[in-house]
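Each in structure tokens, the structures are laid out below.
One chain, chain A, appears in both complexes that follow, with chain B as partner in the first and chain C in the second.
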Partner chain A sequence: MMRRVLLLALIALLAPLPTGFAQTDDTVAMGEQLEARVFEISRKLRCPTCVSESVADSNAGISIEMRNEIQAQLQAGASEAEILAFFQDRYGDWILLEPPRRGIHLVVWWLPGIALAAGVIGLTTLMVRWTRNAQQATHEAQADDADLARVRAALQGDSETSS
Partner chain B sequence: MTRVLVVLAITASLGGLFLWGLLRGSPDREVESARLNRQVISFDLPLYPRFQGTFGPTLNLATELNDKPVIVNFWATWCGPCYDEAPHLQAAWQRYQDDVLIIGVQTQDRGKRVEGEAFLDRFGITFPNVIDDDSRVSIDYGLFGVPETFFVRRDGTLLYKHTGPITLDKLEEKIAELTAS
Partner chain C sequence: MMDVGLGPLGNAALYLALAFSVWGIVAGAIGAIRRDARLLTSARLAGVATFLAMTASIAIMEIALLTDDFSVSYVASTSRAGNPLWVKMVTLWAALEGSLLLWGWLLSGYWALLSIVAPNSPLRAWALTTMAVVQTFFVLVPAVIAPPFEVISPAPLDGPGPNPLLQNHWMMAVHPFLMYLGFVGLTVPFAFAMSALLSGRPGSEWMLQTRRWTLIGWGFLTAAIITGGWWSYEVLGWGGYWAWDPVENVSFLPWLTATAFLHSVQVQERRHMLKGWNLLLIILTFSLTLLGTFLTRSGVVSSVHAFGDGPVGPAFLTFFLIVMAGSFGLVAWRWDGIRDRADLDHPVSREGSFLAGNVIFLAIAFAILLGTLFPLIVEAFTGDKVTVGAPFFDQATLPLWMGVLLLMGIGPLLPWRRANTQTLRGNLAWMTGAGVIAAAVAYAFGLRGIYPILTVGLSGWNLASLTLLLLGAVVPRMRVGTRSVVQVLTGYAFENRRRFGSMIVHFGVVVMALGIMASSAYRIDEQVRIEVGDTMPFQDLTFTVQDTFMETTEYRVGAGAVVDVHRDGSLLTTLRPKINTFFGQSMNVPTPDVLYLPLYDVYLNIAAGVTPDSEFVVLRVVRSPLVAWVWIAGFIMAFGTAFALIPSRRGVRGTQRAPKGSSVA
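Presenting the complex of A and B:
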């Protein structure tokens, strides 16, 4: 009887353990997921006090506070777009590492394509012109009938001398 | 000859662009405030104990704006230029405290109360100073660094943001604009 009571007591003691571990695992996973989201969003924001660094990469005090703010807003249920708009409202478009696709910012998006197209067109034009010039030069350098006759005569003279 | 000129023109343009990039300084520090001519965000921050007798335990910007225009100056104890401008701010306060309220905000300086008290003692600061321990207000004001000074009209809109240490001349110029608006 005593053994059975001890066994039941042991089972009762151990029973909550798996659930407890599961809850801890869930909490850790949720924490990691939240941290990943914080860094994902902060990678899109520029550190205000650094040079060419994102809020995610910077350890400046203001960047740490901005990451804390992002975390607080995520926990309050804000979306990524809402969080980015929050910072944009305070710092302007400057704070976004990826410029918005509107207004003057479109230049940043279109300029590389325009430059590439201009480069390809320019190079093609140059290559066509150079090839044409080379062909023309070859054509101009062609021998006329008098030259050919002189070469034939010279060759004939050579063969007679050798025989 | 034309080909040489084209190559020279391209090289000169790229070189010029490169030099401009090198010599243009730190333009990011001069970025205009996104809040210019818009409502600034109010704050309610704890005051240093020496100012609590006049203002209470915290200072609320919206409440103070009912009375007169406000100059909000952000500073930190580790910031060298903040030491340069502090005497100018105190001089402006002594001259114009009937016309404007100057508020000092210690920010990006978490937990540095003792150092903050020493800063206020050193310059005999008598205008109210509050503590933005978690830098939340500095984010609300879109701060790029310290010192920065914001001139807020009585209607709560931003007249001007000054980046870097401010002088008495600049303070007087902007106070005149604030009181005229």
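Presenting the complex of A and C:
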């Protein structure tokens, strides 16, 4: 029963999505695809004159020119890698919003992972120690019969007063 | 001279506030050491007096802004006589000096409030003294380091007005205010943590007393970050709301550590462990608000060449270092009282999941901090310029966000100490089932790529978890009574406000995750050129450019296009994107127009200048699915936080004097 309800709820929730997501394929589809590629690639490039905007997001003159350049190169059959390399030749690695995975940039790529691993290892070690502590504590606190009798008496007294 | 100008008057108020807050430190510290009740009362009055003096300085600045007194330096540099009233009012926080003054004022409000309402506990004296120390810094800044009340003689006739990006949208009136309320809100638990260390009571008392303050600070910070995103969506003209810009990143860092703190204090509350860790988290959170201000206000991050530009950056850096050294020094000093023998019954328990969540939140914060600082570090050491942009932040944090969603589903369902294997298996089966179904449905509807599908799957997982939580609360209560579902549910919600509030917030997080996923992965961008009078199809819509227009108000000139948006032959709306130019400013401000729909937004922005006789317009068209749900999620999260904060009828510390029969949790 609950599974059905859940499923229905999910379908109801998600059913309207396709109108939001699907691409219409009519005659302009080709042009739209090209346009989409232009923005996809320009999202990976830094607008040279802005503070921290991508070429896709900026409306600065140079960004518009760069988008036109990307479009021209795509129409001429260039691949994404070739286009990125084209700009990299002219501006250096600095133009790429995604730091290349080599040289000094490896630090920024590897450190977060190392930090996470250190956190996980640290936490696991602590958890193992704490679990051992807990086991020891329960071991030390083993109740004898007299303790149990006292607890039972207390519990009975408690339930009488509170009910 | 005829009469005293507003500038000297404002400075007098600030110096008065400075004197009061320094007295707050002296009287508070000596009173705490000697246990002198009269000095301590005097220190509390200093808090109230500082607030009054700061209020006076704010009032003087507002009067100067509203009466166009350009002899006051801040008014001369950021206001403009011809601006509308509301813009003049919010100009108070439209530039550095004014916004720091606002920060100092809000802080003094919290300090004064705390002086009045904080319960008379052994922690109060040092907590108020710590507030006084922080306050002294935030009075020193406007009084000495970045003074807004300098006298300019002869006074200019007019000023340039605030940054046009800020006067272009009303949300500017809200976002910075919320941000500072969040920052100063988180100062309160920090002050109590310091007091716990100074007074040698590093137990859980400081944390319990500031539980609500922490939640208030966190709630404001959350709301501030979301309204900031919304503002950037409505104003910056690129159709997005989060660019991993340094300014955004550093405002996000304290939120991450505060979120970790919010969860791990519950572990200390229930299981009496993590004392040191929680102290560390609140110190980190408070320090990060200072570090963030240093990084963004000194120009260090956006441009390395502006290093040390202006004295505010170094001042914040110095205070940041003092806070770090001071608070970690205190932790070291009291270490013997902090370190405790922690017991963990089982890793698969509420506390286990909270701990794992803490590691993930800190890992996210670390990745963001590293990515933000990396260009700076590399340039300092090698002189090379490097860029760390959005693709890095996405790739580094997305897997971690998935981890957050995973834990958010399982954590609240796990009991403290140890999970019952049977129950856990049952719950996991339901949640996994819901997650897999949701992911499959998403796939069937055309979603591709690991993260979109994973996000939908984990949303299903979380919705199942929330459903199970509610069923677990409601079904047993239904069995014992004759009340209706609604009665039981509202009864449960109001008796367990914190828990129910957290469920609302978590639900908001799910909605937000879906909104962010859809709007970033399935966004369509296009730049189109349409002749005036022509119609152009775009996806399932058509745009008709009716006309171009040019409008002049007292404050600005706007030039744009009138665009009808049709779907299936019927008119949805008419959008009027334009470019505004404010008088006194040279910068053109894009002013996009957005059609908000439940399923997707249509976002139009003018991409190339329009004149009244233009024969065509160039539009940037963005269609991002579900983006409106990001803002709705923000409202849900704010509501959930507010719900958790409603005072319980049983009194604030209801948990301590649990009445009989309340053990049916």
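Of note:
Here, the second predicted complex is superposed on the first by the 91 of 163 C-alpha atoms of A that agree within 3 Å, B and C clash if a C-alpha of one lies under 4 Å from a C-alpha of the other, contacts with A are read in each partner's own complex, and residues count from 1 in each chain.
As a convention for this text, a contact is a pair of C-beta atoms (placed from the backbone, for glycine too) under 8 Å apart; a residue touches a chain by one contact, two chains touch by 3 or more.
Just so you know, these numbers come straight off a predicted model, no measurement behind them.
Between chain B and chain C, it is C that contacts the larger number of residues in chain A. In the superposed model, A:Ile121 makes contact with neither chain B nor chain C.
When the two complexes are overlaid on their common chain A, residue A:Ala153 makes contact with neither chain B nor chain C. Touch criterion not met for A:Leu106: it reaches neither chain B nor chain C.
Look at A:Ala85: by the touch rule set out above, it reaches neither chain B nor chain C.
In the superposed model, A:Trp94 lies in contact with both chain B and chain C.
Once the two complexes are overlaid on the shared chain, A:Thr49 sits against chain B while remaining clear of chain C. In the superposed model, A:Glu65 makes contact with chain B only, not with chain C.
Of the two partner chains, chain C is the only one that A:Asp57 touches; chain B does not reach it. Comparing the two complexes, residues 51, 92, 94-95 of chain A contact chain B in one case and chain C in the other. Those residues of chain A that touch chain C in the shared complex are 2-3, 6-7, 9-11, 14, 16-24, 26, 28, 32, 35-36, 39, 43-44, 46, 51-54, 56-59, 64, 67, 92-99, 104-105, 107-109, 111-112, 115-116, 119-120, 123, 126-127, 130-131, 133-134, 137, 162.
Of all residues in chain B, only 28, 31-35, 41, 108-110, 134-136, 138-145 touch chain A in the complex they form.
Put simply, chain C touches chain A in their complex at residues 237-240, 243-246, 273, 302-303, 341-347, 352, 355-356, 359-360, 362-363, 366-367, 370-371, 374, 378, 382, 384-392, 395-396, 400, 430, 433-434, 437-438, 441-442, 445-447, 456, 460, 463-464, 467, 518, 522, 524-527, 537, 539-540, 590, 598-600, 605, 607-608, 620, 625-626, 660-661. Within the complex formed with chain B, the chain A residues making contact are 48-49, 51, 61-62, 65-66, 68-69, 87-92, 94-95.
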